[in-house]
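Multiple structures follow.
Note that chain A is present in both complexes that follow, paired respectively with chain B and with chain C.
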Partner chain A sequence: MKNGTGVHVLPQTTILHRRKREKKKRDWNSIIFQAIFLLPAIAFLLVFMYYPIEETFRISLTRSVGLGDADFIGFQNYSRLFASTEFRAGFMNVLAWAFWSIVIQIPLAFFIAFSLTAYRNRLTGTLRAVYYLASVMPSAIVAMLGRFIFAPRFGVIASLAEALNWTWLGRIDFLGNPDIAFWSVFAVATWTYTGFPIVYFMANIEQIPMEIRESAQLDGATQGQYARYIVIPWVSYAIRIVAIISTVGSLKLFDLPWLITSGGPVHATTTLAIILYKQGFVNWQYGRAAAVGVVIFLLSLIFTVAQFSIQRKGGDVN
Partner chain B sequence: MFRSKAVVFVTLLLLVSLCFGLLATVSAQPVKLVVWGRDLPDDDPAHAYVKALVTGFKANNPDIDLEYVALGDPGLTDKTKVVMASGSGLPDVFQSWGGSVMGGYADAGRLLDLTAELKDLPCSPAAREAMSWKGKIYGVAPFFAIAGLFVNEDLFDAYGYAVPTTLKELEEVADAFLAKGIQPFACGARDKWPVLAFYMYLTDRYGGIETFADAQARRGRFDSEPFVKAAQHYQDWVKKGYFGDMPLSEAYGDAQQLMATGKAAMHITGSWMCAQYSDEDFTDQTIGFYAFPVLEGGKGKVTDIMGQTDIGFAATHVAADKKEAVVRFLKYTMDPEPCAAEPGRICSVPGVPSPSRLNEMASAVFGTAEVVQFWWDQDLPPMLTAPLNDAMQNFFIPDADVKSVLTEYEWLVEDHLGPAK
Partner chain C sequence: MKEISLATAGNGKFSRFRPRSGISGVINNLILVILALAVVLPLLLPWFFVFKTRLEFSYSPWSLPAQIQWNNFQEAWKAIHIGQGLMNTFWVCLGAIVCTVPAAGMAGYIFARYRSKVTEVIFYAVLVGYFVPVHMVLIPLYQLNVKLGIIDTLPGLFLPMTAFGIPFWTIIYRSFFRGLPGELAEAARIDGAGHAGIFFRVMLPLANPATILAVLLVFIGSWSDYLLSLVLLNSPRNFTMQLRVAQFLNQYGTDNMPRYAAAAVISAAPTLLLYIIGHRWIIRGTLAGALKG
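Up next, the complex of A and B:
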């Protein structure tokens, strides 16, 4: 039939039937095709991600010592954990670690990265490699170095104190005083964990177009103003990413506190991951260890979602 | 016709020959025995017994293919826990310290009951008891360790001090050494577990040998008077500086170094240190071993000794079909031939001579024991030992409320073993 302009068109019902037939044929083939390619990835996720998460939740509701049957005890593991001094200490330690990582390590990394790019010279490349070297060293080596530096009597600081006759320095118990041990381990961690952010920030800062830099110079901006009004907004996305990595990393922290102080003295440097390890592999309390794992998982999820929400609200300068 | 019959005959002949050959090969194969241990059988003097055991057993038992796997520490305990939990990959024999950890494996049916085969093996009653659980014997303990007082005799002689026999004398001598700038006690509190030796004895001296056994059996509490008084006594000594300025920074290895270099006067620890403290390459100090002093007016006696298996072996149920080979191996671990190679540990096998003066002193103290209480972290279930070690570190915090710490530990014990009756 012809429409008002004289063009031949099919009746609506015919068009709809044809579309339905075509759609039906395309959907089946498409679905099968997509399923074949998605199935391995889905199977991998189910087996290695979702199943272990589900099992961890299930085991956290049982009393299990690994030998014999596990008894269902509901949320008792959680109530025991939150009543435990060690768990509360570990919980506060990881929150403190996350906070100070953002407050100290990120500004420090940014300061070093900005200095290296703003005052570029022959040493910039070498220094970048030196800073990054710490982050690629194995944790065991870093921990050994830390213990060697802070060891009483024969450590680097103790020997320096003796050589300079600084008895006040020699008397500081860096790893044995519960009030100081946290900061001693944090200092070692700062050295090893700022390498990657420095290199990452440098890469972002170097992306700033030359025209913007030159405009700032022509306008008479100081380095501080340039950093505050141009560089920081430019690398804000990178800063947020590093903040998320630092926060989630703090919640999962295990290697350095375990290797340097074994979580002591008296829970001063213990973390949730250390408690998980001790409950599972030392105390044979797999149910309680699983409960700690669930707490770490939920905290990581909350912090990650919160930070992404803040990022979405803040927007991206680019 | 004839050809096809010939072919069939030759084929049958070949098959029969093959079968006989296989049978001969299988029957000639030695029995394989897999043993997990901690130390490498190398030339390290501390590993002399293990080396003698492995090489000697292989030489004397060519029909047994011994595969000894050294897993180190904590590799041995960690891997053993994992395979016991999973029930697969178990060795035939593994090095064990007996006690409640071994008992847990026995209750789960992972171990091989060898009561009939080992009950008449000559050894000290304490060593046999250490490798038994609920009346059944699961292994052997060729070496047994006791806690005692290592004393730097050179320092004591130099200042004219006598070895203390009471806690009051011990404090007097500690004050005297402190005044002379010598750390009275080496400890190793940073590693947590070394604190236990001293605490076990202090608790015993206050409350008697039944104090711990009562608490463990829930006839008493872990925050009862003897435990609290012992903890407060410990804390007082820390405040006085008996353990140095930085006790929580001192690892067990540091403690040994302090004794070896004469910077510490005494060390309360296990007799396994006899080998090192006798080794002239390790120390030039003359060190002696003595029983822990008594508390005047206290309930504990000098013959109350804290001890544990030093080297022991247990068999698993997977070796049930090679019991004879397992028993031969376990009996050889208790043979004087390999035992004589050990440079320092107290041997529970009769007739093995002491390798050093220090070992002789430790064996003499062990010989006076009327009652042996197993090391608490071997006697308590695993879920209570690490928390106990964590709790004891609080004794080194001058303003810590040790009673509250012990009460919190008691709650944990109630959670696992039930409330005190």
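Up next, the complex of A and C:
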């Protein structure tokens, strides 16, 4: 019922009464109230989001250095960007990152979530809290701990190798070897990013109705069969959502590779966001940085639209 | 429906599939405990090193310290002025909360209770903002802050932060207010309350669970931020906690491991403390947000 005042349930007489009054004049009280209440949010969004979005598109078509005047150069920034090896390396890293997040983190999270819910006991609540702990750690601190583990010579692994006399382990350069650096950063990321899928899958598994579970048990299903035929189909919606969240997260990935390896060695751990930052705030090439921003935006838009269509189809778990 | 899920997310009746044999259950729990240790280990290991001198560490990193040294903590604290960093972060968090929560709450209320074509259109405009990554607008944000004269200031950081937090919390508040019974508002109206009176005296107190979640999660979000602070703050005096952690990483590196470990312990402590106190709320809030999508 839309009568301009937002009242949803009204006695019949009141409605008639109000309608008569509203025909005569608009309810200015209500309109002013709505405007005042919407104003702060709209002002924030206009100034610090919509205007900068428009600017990003505009700047991405210009060549500008620092705060000086900018020349319009069409799509040159984009074509330069796509031709550069750094951008290609970053793009491939982001894709690899998304792929391995899905292949490694989601099964790991599902295994932990399923085991936690299947063998529920006094420890379960505590374990869930422990598993989520790494997710709330700010990324700068996560990076600090990552360097603490992987640092050459004095890092935990290096000093452990020395104490045990495992020279082969001590010789591995976890952050300086281009073939290994990606995986070191990825390991740190797995540590911090697996917490969310675990609690999310748990919440989904816990919503499996009692009757389904009991009838599976009556039919003599084993633990594995129960997981395979009931739990996985039940959480497939959640799995797809997490896959998309990981993909969009990979597109925006910045903090960990930047703080652990600065995107190096060479371009081994560079990402789209790192390229954006370096172009914009190290080389002061605003145009090219903005072009990277547009690329990140368009790619994440595609995946977010996909997420929405899944949510429409799958229905919310609520 | 919505407000029920907000209160009970991750807290419902548990669907448990009873294991057939006790042994597999024991093994399972053992694996889970080992994996949980792997999560905690990086936070515990620094404690092995923090009480040692540099020399002692290089000879026997894994032994117990011969004598407990506290000066690693002092040095780490002083090296990057952690006290100042905590104050700056505190102001940024406070600013972000004070700006985000009321603005989102008020807008969410209008979108929930004053539904018309106009408000629906505005709601979709806000919703779009939810999908915009802050990475995209770093360059213009920087330029805008320069123009407004708020570059390298704390408001210059928390105002954009607010803009990027508002869409999500507006969505949460909207669905929360839609779940509240309309009869309450109507009763207040009959008692003579105006639009603002209904909101402040009836609806807002009922929205307390959403408000607590918003305050907590906005706090954590601005506490953890790194990228936006990196771009919008320049002078070390204004650095937030996370920027100082990064500064320590770059300036001092891992050569003096005991001091590095002390810095790690100090910088992780506030988050750890907050999590130990509020982990139920934090997990519940994250789930409530995620389940709603």
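Details
Assume the second predicted complex is superposed on the first by the 252 of 318 C-alpha atoms of A that agree within 3 Å, B and C clash if a C-alpha of one lies under 4 Å from a C-alpha of the other, contacts with A are read in each partner's own complex, and residues count from 1 in each chain.
In this section, a residue touches a chain if its C-beta (ideal position, glycine included) is under 8 Å from a C-beta of that chain, and two chains touch if they have at least 3 such contacts.
As the structure is a prediction and not an experimental result, all values here were calculated from the model.
By the touch criterion defined above, A:His267 reaches chain B but does not reach chain C.
When the shared chain is aligned, chain C comes close enough to touch A:Arg128, but chain B does not.
When both complexes are overlaid on chain A, the residue A:Asn177 reaches chain B alone and has no touch with chain C. When the two structures are aligned on the shared chain, A:Phe281 is found in touch with chain B and with chain C. Of the two partner chains, chain C is the only one touched by A:Ala41; chain B is not. When the two complexes are superposed, the chain touching more residues of chain A, out of chain B and chain C, is C.
With both structures placed on the common chain, the touch criterion links A:Ala151 to chain B and to chain C.
Once the two complexes are overlaid on chain A, the chain A residues touched by chain B in the first and by chain C in the second are 67, 151, 153, 281. For chain A in complex with chain C, the residues that touch the partner chain are 2, 4-10, 29-30, 33-34, 37-38, 40-42, 44-45, 47-53, 55-56, 59, 67, 112, 115-121, 123, 127-134, 136-141, 143-149, 151, 153-156, 159-160, 162-163, 191, 195-196, 199-200, 202-203, 205-210, 213, 216-217, 222-223, 226, 241, 248, 251-252, 254-255, 259, 273, 276-277, 280-281, 286, 289-290, 293-294, 296-297, 300-301, 304, 307-308, 311, 316-318. Residues 1-2, 5, 9-10, 12-20, 24-25, 28-29, 31-33, 35-36, 38-40, 42-43, 45-46, 57-58, 61-62, 99, 102-104, 106-107, 109-110, 113-116, 119, 122, 125-126, 129, 131-133, 135-144, 146, 159-160, 162-164, 166-167, 170, 182-183, 185-186, 189, 194-196, 199, 220, 223-227, 230-231, 241-243, 245-246, 248-249, 253-255, 257, 260-261, 263-264, 267-268, 271-272, 274-275, 279-280, 282-283, 286-287, 290-293 of chain C touch chain A in their complex. Against chain B, the residues of chain A that register as touching in their complex are 65-68, 80, 85-86, 151-153, 171, 173-178, 262, 264-267, 278, 281-285.
Against chain A, in their complex, chain B makes its touches with residues 78, 81, 84-85, 104-105, 107-108, 110, 190-192, 245-250, 254, 382-387, 390, 393-394, 396-397, 400, 408, 415.
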